[in-house]
Amino acid sequence: MESSTAGLSMKLLQDLYRSMLRIRLFEEQVADLVEGGEIKTPCHLYIGQEAIAAGVCAALEQEDYVWGGHRSHGHYLAKGGDLRSMMAEIFGKATGCSKGRGGSMHVVAPEVGIMGTVPLVAATIPLAAGAGLAAKLRGSRQVSVAFFGDGATEEGHFHESVNFAAVYRLPVIFVCENNFYASHMQLLQRRAEDNIWKTGEAHGIHGVRLDGNDVAAVYSAACEATERARAGEGPALLECRTYRWRGHVGPAWDMDVGVLRKDELKDWLPKDPVARARAQLLDRGAGQEHLAEVEHALREEIEAAVTFARQSPPPDVSELTEHVYASRGGSACET
Amino acid sequence: MESSTAGLSMKLLQDLYRSMLRIRLFEEQVADLVEGGEIKTPCHLYIGQEAIAAGVCAALEQEDYVWGGHRSHGHYLAKGGDLRSMMAEIFGKATGCSKGRGGSMHVVAPEVGIMGTVPLVAATIPLAAGAGLAAKLRGSRQVSVAFFGDGATEEGHFHESVNFAAVYRLPVIFVCENNFYASHMQLLQRRAEDNIWKTGEAHGIHGVRLDGNDVAAVYSAACEATERARAGEGPALLECRTYRWRGHVGPAWDMDVGVLRKDELKDWLPKDPVARARAQLLDRGAGQEHLAEVEHALREEIEAAVTFARQSPPPDVSELTEHVYASRGGSACET
Amino acid sequence: MRNLSYAQAIREAHAQLLESDPRVFVLGQGLWSPWYAGTSLKDLDKEFGRDRIVDSPVSENATTGAAIGAAIAGMRPIVFHPRMDFMLLAVDPIVNQAANWSYLFAGRVSAPVVIRSVINRGGEQGAQHSQALQAFFAHIPGLKVVMPGTPYDAKGLLIAAVRDGNPVLYIDDRWLYEEAGEVPEEMYEVSIGKGAVRRHGADVTIVAISTMVREALKAGESLEQRGIHAEVIDLRSVKPWDRDLVFSSIGKTGRLVVADAAWKTGGVGAEISATVAGEVFRMLKAPIVRVCLPDVPAPTSASLERVYYLGSDDIVSAVEKVLAS
Amino acid sequence: MRNLSYAQAIREAHAQLLESDPRVFVLGQGLWSPWYAGTSLKDLDKEFGRDRIVDSPVSENATTGAAIGAAIAGMRPIVFHPRMDFMLLAVDPIVNQAANWSYLFAGRVSAPVVIRSVINRGGEQGAQHSQALQAFFAHIPGLKVVMPGTPYDAKGLLIAAVRDGNPVLYIDDRWLYEEAGEVPEEMYEVSIGKGAVRRHGADVTIVAISTMVREALKAGESLEQRGIHAEVIDLRSVKPWDRDLVFSSIGKTGRLVVADAAWKTGGVGAEISATVAGEVFRMLKAPIVRVCLPDVPAPTSASLERVYYLGSDDIVSAVEKVLAS
């Protein structure tokens, strides 16, 4: 396992760790606020899957595109979206990244290439292909990344999009976060075999399966995929195997929309991606205090965001009907 | 090549030959009538692909289901649909199998398990899966066959349906007639690799590739697939490689919606499935006169159908609005 | 008679249909989950087995198509979409296939399938978890569309839908799941295409659909206190809809308000208004007023949701407007 | 001024948009075929290269979604569906995604995509090759819907649609492809949401859409011979539509016929009727009559097609009905 970090610099490992921990702490904070009743918008927590967002996004440039779904707090943070704005959005406030129109399931940060996440399963996969086509047509070096779950691979438009990207060799990376569940349904209740990565081959593209709880492995695979994409060698499919710790929606631990999975959790908790990265850092000589400082700073950032969100005003109801249509010419969100 | 017929009886080979020749002659007649201007409904001719319908349907029982698309005259005939009724339908007559509501692209013969063919690409693939589910729920031994083209594999619902059938091990046979074109677009303009059969493996089902111009090979593969399906071993995907001789729609020979493909045709004409079966029969000792008699009888049947269609009345315009809704309880088309 | 909740009534209809007709089965997302469909399908899998209560991959098109195919092949499936928004991935099988099947083949085959979807909104879920697209489907020949507003109808319309023999969209609303009402134990049908007068009055006709029936009744009460007698019609079926009942009420009142908790432009209220303005124009004494959602996607923030969704006060204002003009 | 056919006008708009804006590209089925789109896209691939004229696999959902994604990422795509029927496989990206994108993210991003589809029917093609589903999409907030009836508008509305900045459905009709009319050489826009009076008259207002404009003008002529002066409005945009223009015409005539070659129930004519019956009720002297297709899928047989589709005579009868009542 350790070998996946072999070629990576200390600085990079620290960044990856920080990125994951930031997501973890953010999500735990959100979980508490949901339990406390302060947050009402449905939240699908990313806890347990942090290595995937962190590893993939570390391989990306700011102008690369990222697309997500219902479980995208992690993608937003890892790609560099403003933490305070997302917290405010989850609170339903006017200062939120979507100004209170989106909530947890619809976050956006165009300034860092997050062009929108939405909860319809697989919905952004074709959009990601399209952003890849845009990059190709412009001759930019951008790549476009679609994050989605194992459940999304059952939607036909996932296949259509992979095929489309394959035919036109688009710079698109399809990142499947296989956490073995689509809400209450286990993977093998929804497909005959546990072989998502083979979909790549069937569509004539590079497909790999990897340990999605190993941030260094994810990072390396993402680097390889982005290099191929930027070199015009077309799309890739990364099946990252992982597990979500909490319920499908909301913070519950041991119950998943009716599926008791205490046993599985017992296997997966020791594979905690954040703890693993921390152990690797300590192994490589990082100091305990330094790590404590990092954590402390993150906690402060998150606390400040909560305060900011709390103190922000709700959207002005007189603006309910604004933004149904964009202003003439559309928003200029080229990056 | 000859080996594919090895285990098959003379009687069976004669039936397969007759079934193919009947389709060929029917389609050539339709082609002439389209050219002559008498037929107006768009006709997608099956000429060149006869071995697939004939081979697959010979492996089926009358109560098995068959579903088709825009190019389904062959499926209808091979499964046992009434020839006269289809000719009348193509003429737009009240005596047609769809009473003038369907034309060439919507034919039906519920009495022999043809529950409807429609021209939206891939549309009947999910329906076929559903009929397989019906058979499974009833505990009948029926299988359900979806015929579709290579283009249909690009529709997401093809993948959804295969996956669905795989999960529930439904008795469904997915027969892809890969003729290398979807209207004007060559296969490799629409997918990265020529590997449709591998889609089976990706979805965890039995997938095979075979020579779709070899009726005995198609028959044997279909027998194997139906046996598996009836034994509860789930679905299969058969990629049958073939070529259509005429245009995407209509009778033109050398031009295909703008794609000149004289060279390809030159390769494929010698692989004529009907001529191959005929040669095999002669090899096995069939008499020339006997074959001439068979052909003569078929020509008479088709001529009589044209006369019948010509003499039939058009639908009564006062009945335009009938059948939008089925009568109470729905039609009783259980077989 | 017993009281059941709306969700319990739906569940009972399912159970009795499954019990009495071996051709009936249920297919769709969330059937094996204790919360996906609220209590409306609770434990049906335990009672009838997972062969007939078929949960599914996340594949709306294929599962809907499979239900249609099974229907054509002689079964009587109910295909379930836990949200109407998801069903938009299945428009091809519904509109292009199921709706056309009988006509295309001159009635020789047909697609007796019930397509059930749930309107599930509010709670800061936002635009993709909120839509009420009955108008979308009511436009399509070959489909029928029902929208029960009471527990009684929730049961009776589902039974009628399964027995109808045509593709029927059955649309229920999570906001009604806890409503209680009298529900007979035996199986019964509510005729598709028949509305019901829920309150009698001679001053104004309020045609209401689904959740809006409850709001219209509340509005009716508060108007009564001011001496305004509203007649409230629960449309129950959106396609076909009960023109005779609506016309006869307008014959009495001369005034019409249509309340439909869906977007205004091109909504069901438009068809009702247009039909009235076309067929019984001379009966009308005043402009028709539609009480609908604004032409805006659903926002998330609770503060915006509060102004976005409709209540009985919106109907009261509409009635005032109709009476004033 | 030059005359161009409707199809040529569409092609010229494409060429000029491609020429003048590097963000514009075309994606969809049939772009490399000489006949799929009639002459409306002829040889664009040869002129602008297959990088920008992107023919596609048979994957309506993904290609439409890809166009939307490219639009969000700064391009100005036109995604092409050679038949509206096929586009039903792309309802999710259009309705759930494109329509909502601006609102969901409060205008910080948007989906400036043109979704072009063709109504292509008759010729014994039948139910799945015939549909005119403008009402379906006009119901959705966030979408605009235009339906040019003349070569001039075919060009000007396409240019306006691409420049609009929102998802715009551009619906053209094969039955108009050979119509000729004056078309300026330069680029110009026809404002989305503005109708046009095509014939002046004070007896009755005929609001017509797309192919029905031609039929309404024919009807207008034959009515004229009988001394009936019809005003014909070409709606051009179905969403938003030109309420002011329609209202002011009704203010003069007091009578309204709406002609839309699509199913009647829940069609665009319903919304226009309902709006008129709601907003300018007092102007109306007679019931509103809608001239629409019967609520029946398209049949194939030519004998049935002849009675199924509409002609100017249907509009004449409707006017007679309005004037008689």
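A, B, C and D label the chains in the order they appear, each numbered from 1.
Quick note on the criterion: a contact is a pair of C-beta atoms (placed from the backbone, for glycine too) under 8 Å apart; a residue touches a chain by one contact, two chains touch by 3 or more.
Here the structure is a predicted model, which is why all the values come from computation and not from measurement.
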| item | value |
| --- | --- |
| Label of the chain whose CA centroid is most distant from the centroid of subunit B | A |
| Comparison of B-C and B-D by number of C-beta pairs in contact, larger one | B-C |
| Cα-centroid distance, subunit A relative to subunit D, in whole angstrom | 40 |
| CA centroid of subunit B to CA centroid of subunit D, Å | 37 |
| Subunit C-subunit D separation of Cα centroids, rounded to whole Å | 30 |
| Where subunit D touches two or more other chains at once, by residue number | 56-57, 59, 61-62, 85, 89, 92, 96, 100, 103-104, 126-128, 141-142, 295-297, 299 |
| Shared interface positions of subunit A, touching two or more other chains | 98, 100-102, 106, 118, 120, 123, 154-157, 160, 163, 167, 189-191, 324 |
| Complex contact set, residues of subunit A against subunit C | 40-42, 92-93, 96, 98, 100-103, 105-106, 118-123, 151-152, 154-157, 182-185, 189-191, 257-258, 314-315, 317, 320-321, 324 |
| Subunit D residues within the subunit C interface of the complex | 61, 85, 88-89, 91-92, 95-96, 99-100, 103-104, 126-128, 133, 135-136, 138-142, 239, 263, 265-279, 281-282, 284, 286-290, 295-297, 299, 325 |
| Partner subunit A, residues of subunit C touching it in the complex | 30, 32-36, 55-62, 85-86, 89, 123-129, 294-297, 299-304, 306-308 |
| Subunit A - residues contacting subunit D, complex | 65, 67, 97-102, 106, 108, 110, 115-116, 118, 120, 123-131, 133-135, 137-138, 144, 156-157, 160-161, 163-164, 167-168, 322-335 |
| Partner subunit B, residues of subunit A touching it in the complex | 154-160, 163, 166-167, 189-193, 195, 198-199, 201-205, 234 |
